[in-house]
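Structures given as structure tokens follow.
Note that subunit A is present in both complexes that follow, paired respectively with subunit B and with subunit C.
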Partner chain A sequence: MDVTATLGASALVTALAAAFLAAVAATVGHARRQPRLLGAGRRAIEATAVLTTMAVGALAYALVTNDFAIAHVASVSSRNMQLEMKWASLYSGQPGSLLFWTWTMSLLIAAFTRITVPRIPWAAPHAIATAGLVLTGFLGALVFLASPFRLSAVTPPDGQGLNPLLVDPGMLIHPPFLLAGLVSTSVPFVLGTAALLSGRLDGAWIRHARGWALASFLVLSIGNLLGAWWAYTVLGWGGYWGWDPVENSAILPLLPITAFLHTLMVQERRGMLKTWNLVLVLAAFALAVFGTFNVRSGLVASVHSFAQSEVGAYFLVLMTVTIVVSVALIAWRVPRLHAEADLEALASRETGLILNSYLFVAIALVILGGTLFPVISELFRDIRVTVGPPFFNRVVGPLLALVLLLISLGTVLPWRGGSSRQHVRRLRAPALVLVTSAIALGTLGMREPVALVATSAAIVVGYVTLREFLVGARGLRAARSISWPVAVVGLPGRDPRRYGGYLVHLGVAIIAIAVVGSMVYQEQTRAAIAPGESFEASGYTFRYEDLVARQPGVNGIEVEGLVVLHVERDGRPVATLRPGRRFFSNFPEQPVAIVAVHSNLQRDLYVFVQGWNAQRRAEIQVFMNPLVTWLWIGGGVYTLGGLLAFGVAGRREPVRAEIPAPAGTEPA
Partner chain B sequence: MSDLLSSRRARLIALLVVATTAISVLAFQAAGESASYYITPIEFQSKAALHDARVRIAGRVVDGSIVEDAGRPIAFRIVGDHNDEVAIQFPKGVVPNLFGPYALVVVEGRGRGGTSVDAYSVIIKHENEFYADRPPEGSISSHFLPTPGPSAPAR
Partner chain C sequence: MTSRTLGGMRAGAIAVALAGLLGTATLLAGPSVSAQTPTTPLPSATPATPSEAEALAVEHELLCPLCVNERLDVCSLAICNDMKRIVRERLAEGASAEEIIQFFEQRYGPKVRADLPRRGFNLILFGWVGGALLATAAAATFVLLSMRRATRRRAASAAPPPDDAGLDALIAEATGDEAGGAERGAR
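Here is the complex of A and B:
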């Protein structure tokens, strides 16, 4: 008997029972008006979190102690793996990632049970029951179909080790963030479902959902940004987004969550779009479950997918149930979902936010349609037809440019409309900047229409953000005499949602400019040269000095061959780059590229080696990618904005006047 | 509830309908231009309509079939489940990580006469593995596992 495996498996079975019991206790407790049962339900949810943590602890222990009797450990780990890479092994593979997903979900939901459920007594039983059922769904897969603690028939002397492609520091943070982000859509889902079940469909659930949705937005965005960064620096094909089905699955839930963060404002202020907000949070979670189904089912072939297993069918059922139940609940509550006000003008903030939702939904449907195209075509025409990156770029590109345009002009639109004169006054400056930028860019040589619209709109977003910060800081300085820098930094403290939002928009604009630059103006050069020779690429001279070997001796790496390149521009040295190939002991004929990147604010020089022969003649590829550094800078601004938006607006304690108490009475 | 067809709402809905039509047209056009058939080697060989079409073929790289120039693979053969082989020409484009004999690849390119494909992209596909007591038959891992010595019996 393998003690670790038994402990881990028992913890999971108990967690499954606890989650199910939580749902039962909450339901019965509500029906029979027994608050103590509800309390038991809450504690059962917390127990689930503790138990899944124990299971993760057991798996971690098995990995660290090289317990290869456990099949999963043998498949993703080996004796010569470094300790930190074993953290990555924890969530690699089908059972590992499912365990990580369920663990993160149980922690989040336990936190939700502690923090938010006490504040929603009118929906507490409904929330706990829903949460319990969701956890039961995922734990069921873990216990019955994809147990991480299954023992192999024969214990191998050493494990296979992690797939060579995954042996990289990026693997230590990208998957956890992304999995956590996908999982985090479950909390707004639980809140929305609880609101529907309890019938309390005014702004109450929105108030609580906002914080969790913002957290989900932030973590999911960071997960995707990290994925792009990892694809760029590690995978070595020169890009950061390939429209791979699994990449698409990761971005899909982000779209309704972002739309929700915007339209909830309309419900808060005007009592409109109640049904739509519910649809958005339910859709976000449904898409997250779709994502996990997609990866595990092999439905659409992807570089990521685990493929072909019973787990795939199980998640298809889970996703279908989620969608059917959501639709049924909304249909049931339609009579209670009246808008409290009407659209008063087309040129208003409300319309702008509705258009925001429309565009995000359009993008989501296009991405979903393109990803599922092979499945749909096989159903109808009995042959699989795929659409690749050209399709997505051609359709999503213009839509994203429209989103940027909306950001640039929409934030100055007033609520409820306003007179035409007001509109002209507010929109005049941004429109002027837009047109001027477009003309300037056109003159400088940018002709591609989508690029022109996107870049001009991005510039306007920058202008509007700057103006808002300046105006706000000036107002703050007028109220109290402080310096400019203090005023600017103090603004998010005064109105976190607004200024945090501005920064996120600014981040998006910077990212847009970086994307346009690196996609539209990329230059590629290939050369096959021998040591001592050199070639030209994008104004730089690359001289091949020599081919050297390096033997790290860890993580299954046998040897690394590096091509030493001296880079010069106009006779002055720029860098020495060492791209190469990494060979693994277990997979001697399947090398992995080592990419060498030289970055500055203007461009990245992205260099990799495709191979060399016995005479050391090597084929080298150079991509000159303009403005890529701004992609990461934009991501940083975006993240900062998201974090600031959490803040509670600074409350100044009113200065109390001291009123002396009458003699002989208690102090107040 | 106010009149659904109030002119403001009607105008907004009309705008969205027009926009949806435009997006759909764009999407169908783009799909038509970038569509490629996702097939296996045997399907490529047997269906004449595919012989010169834009295709995406999945198969395993045949050991010994890789032709190199300056160390970079420029041609190879892939094999499907029925011992059906197709020749792939890949003179340009990025060679993916883990490319080599027995790798499971997806080649996107244009067919040439039903016997070979001019590839513009090659990507590696994740193995169809669920549990890995032993790696899938024919995979890279199954060919390059270190030979096990006497091992401990399962407890």
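Here is the complex of A and C:
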């Protein structure tokens, strides 16, 4: 008997029982009006979090102690793996990622039941019951179909080791962020469902959902940015976003969450879009579940492997139940979801936000279609096709350009509209900037219409956003007689939510410009040369000194071959790069590229080696990728803005006003 | 009456503009293929001989038959090195890019084509895209217009013309709630 496996497995079984009990206790407690049962339900949710943490602890212990009697441990780790890389083993593979997913979810939901549930007494039983059922669904799969604690038939002397592509420091942070981001959509989902079940559908649930949705948005965004960075520095194909089914699955839930963060303001301020907001949070969770499991269950690789995997079928059922129940709940409550206010003017910020949120949904539908189409094609005519970057860039590119235009419109137009003379005055300068930048870029030789529109629109977003900062700072300066820098820095503190949002927009604009630049002006050079020879690429000379071997002796790496390249420009040395290839003892068929990048603010020189022959003649590829550094800078600004936007989430919440007030004194 | 028609016209114009924007976006989409894959031999700095640039252009249109979504030019599997060699040989023989792509498509199936052809069964996907865009545009227009209409209806009933307001009040005072009833009936 393997003690660790037994402990871990029993923790999971007990967690399953606790999650189910939470749902039962909350339901019965609500029906019989017994607050004690409700308290028991809350504690059962917390117990679930503790128990899954124990299971994760057991698996981590098994990984650290090389307990290869456990099949999962043997398949994702080996004796010579570094301790820190074993953290990546924890969430790799189907059972590992499912455990990590369920663990993060139980922690988040436990935090939610502690922080938020006491403040929403009107929906507490509904929230606990929903949370218990969601956890039951995932724990059920973990216990019955994909347990990470199954034992090997024969204990192997050593494990297989981690998949070569995952042996990279980037893997230590990128998947946890992404998985946590996907999982975090569950909290707004639970809140939305609880609001629907309880029948209290005013702005109350929205106030509590905002902070959780913002967290979800931020973690998912960071996960996607880190994913792009990992793909860029590890995969070795010269780009950072390939519209791969895995990437698409990660970006899909982000779209409704982003739309929700915008339209919730319309509900908060104007009592409109109640149904739409519920649709968005329910859809985000459904897409998160869909995304994770269409990837993990092999649906993307092949319909046939999906049909054979038990987990795939299980999640298909779970997904269907989620969607059917969500649609039914909304349909049931539609009569209560009428707007409290009306749209006073079409030319208003409300309109901008509504249009943008519909646009986000359109983008999500398009990406969903493109991701699923290969599966559909295989299912109906047994022909595998690829839907890749050419399709997505052509269809999604223009829509993203439209998003940029609408960001400016939403920023410039005031709430509830105003006079048309006001509109002309407010829109004049941004329109001028748009036209001027389009003409300037066209004159400079940018011929791609979508790229031209997107870049000009991004410049306008930058202009409009900075103007908001300046106008705000001028006001603050006048009121407090402080200096300009102090005013600009102090401004976000006055209204973190608003200026945090603006900073996110600024980050998006910077990212957009970097993306256009790196796509349209990328240069690719390929050369096959012997040591001592050199070649020219994008104005740089690459001199191949020699091929050297390195044996790190860890993480299953057998040997690394590195091509020493001296990069010069006009006779002056720029850098010495060492791109190469990494070979693994247990995966001889799967060598991975070692990418070498030389970055500055204008461009990246991105070099990788595709192979060499016995005479050390190496095939080298150089991509000149303009502006990529700005992608990461934009990502930083975006993240900073997202963090800043939390500022008000805490301060604005009228905590005390919402503790069960006697009827009739409801907060407005 | 006039203002309502005008408002309707403005709303209609916005709907048209919205559809137009989406339409333009889809139209603009055509030529942007090259934005992703710089198929044209871009820089003069590239040392590649014309045939090398041509080979790259063809390789950008093809995918590795074994990996998922990996472009031929950046894949280093043996099968891809073979494909790259064949691309160059066929180009030297004077074959066109499309002929070479078709050759590999017959050999490995349609999944090696980087760009999904717009024909046959694949039209379902393009139909889905068009339908999704149209449906969301229509939904957004409908929602905005119905919200706007509700506003006008309510505004019209909530605020009677100021001239008559005093009169209405006087009448109401004099005749009980008859005037109110008449107003309700008129609506």
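Operating definition for what follows: the second predicted complex is superposed on the first by the 630 of 668 C-alpha atoms of A that agree within 3 Å, B and C clash if a C-alpha of one lies under 4 Å from a C-alpha of the other, contacts with A are read in each partner's own complex, and residues count from 1 in each chain.
The rule is simple: a contact is a pair of C-beta atoms (placed from the backbone, for glycine too) under 8 Å apart; a residue touches a chain by one contact, two chains touch by 3 or more.
This one's a predicted model, so the numbers in the text were calculated from it and none came from an experiment.
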| item | value |
| --- | --- |
| Partners on subunit A (subunit B, subunit C) - clash or fit | clash |
| First, second, both or neither for A:Arg617, with subunit B first and subunit C second | first |
| Partner chain in contact with A:Phe587 - subunit B first, subunit C second, else both or neither | first |
| Which superposed partner A:Tyr358 touches (first subunit B, second subunit C, both, neither) | both |
| Which of subunit B and subunit C A:Met519 touches, first, second, both or neither | second |
| First, second, both or neither for A:Trp243, with subunit B first and subunit C second | second |
| Subunit B versus subunit C as contact partner of A:Val187, first or second or both or neither | neither |
| First, second, both or neither for A:Thr155, with subunit B first and subunit C second | first |
| First, second, both or neither for A:Ala401, with subunit B first and subunit C second | second |
| Subunit B versus subunit C as contact partner of A:Leu441, first or second or both or neither | neither |
| Clash with subunit B, by subunit C stretch, listed 37-45, 73-81, 91-99 or 163-171 | 73-81 |
| Doubly contacted subunit A residues - partners subunit C and subunit B | 236-238, 301, 339, 342-344, 346, 351, 354, 358, 362, 366, 369-370, 373-374, 383-391, 394-395, 398-399, 526, 591, 593, 608, 610-611, 621 |
| List of subunit B residues in touch with subunit A within their complex | 1-2, 6, 8-9, 11-12, 16, 19-20, 23, 26-27, 30-31, 33-39, 43, 56, 58, 68-73, 92, 94-101, 103, 106, 108, 123-133, 135, 140-141, 144-146, 148-149, 151-155 |
| In the complex with subunit B, residue positions of subunit A that touch it | 1-2, 69, 71-72, 74-75, 93-94, 146, 150-158, 160, 164-165, 235-238, 298, 301-309, 311, 338-339, 342-346, 351, 354, 358, 362, 366, 369-370, 373-374, 383-391, 394-395, 398-399, 526, 528, 585-593, 608, 610-613, 617-619, 621 |
| Partner subunit A, residues of subunit C touching it in the complex | 10-11, 14, 18, 21-22, 24-26, 28-38, 42-43, 45-48, 52, 56, 63, 68-71, 73-74, 76, 81, 109-116, 121-122, 124-125, 128-129, 132-133, 136-137, 139-140, 143-144, 147-148, 150-151, 154 |
| In the complex with subunit C, residue positions of subunit A that touch it | 236-238, 242-245, 272, 276, 300-301, 339, 342-344, 346, 351, 354-355, 358-359, 361-362, 365-366, 369-370, 373-374, 376-377, 380-381, 383-391, 393-395, 397-399, 401-402, 448-451, 453, 516, 519-527, 535-539, 581, 591, 593, 608, 610-611, 621, 624 |
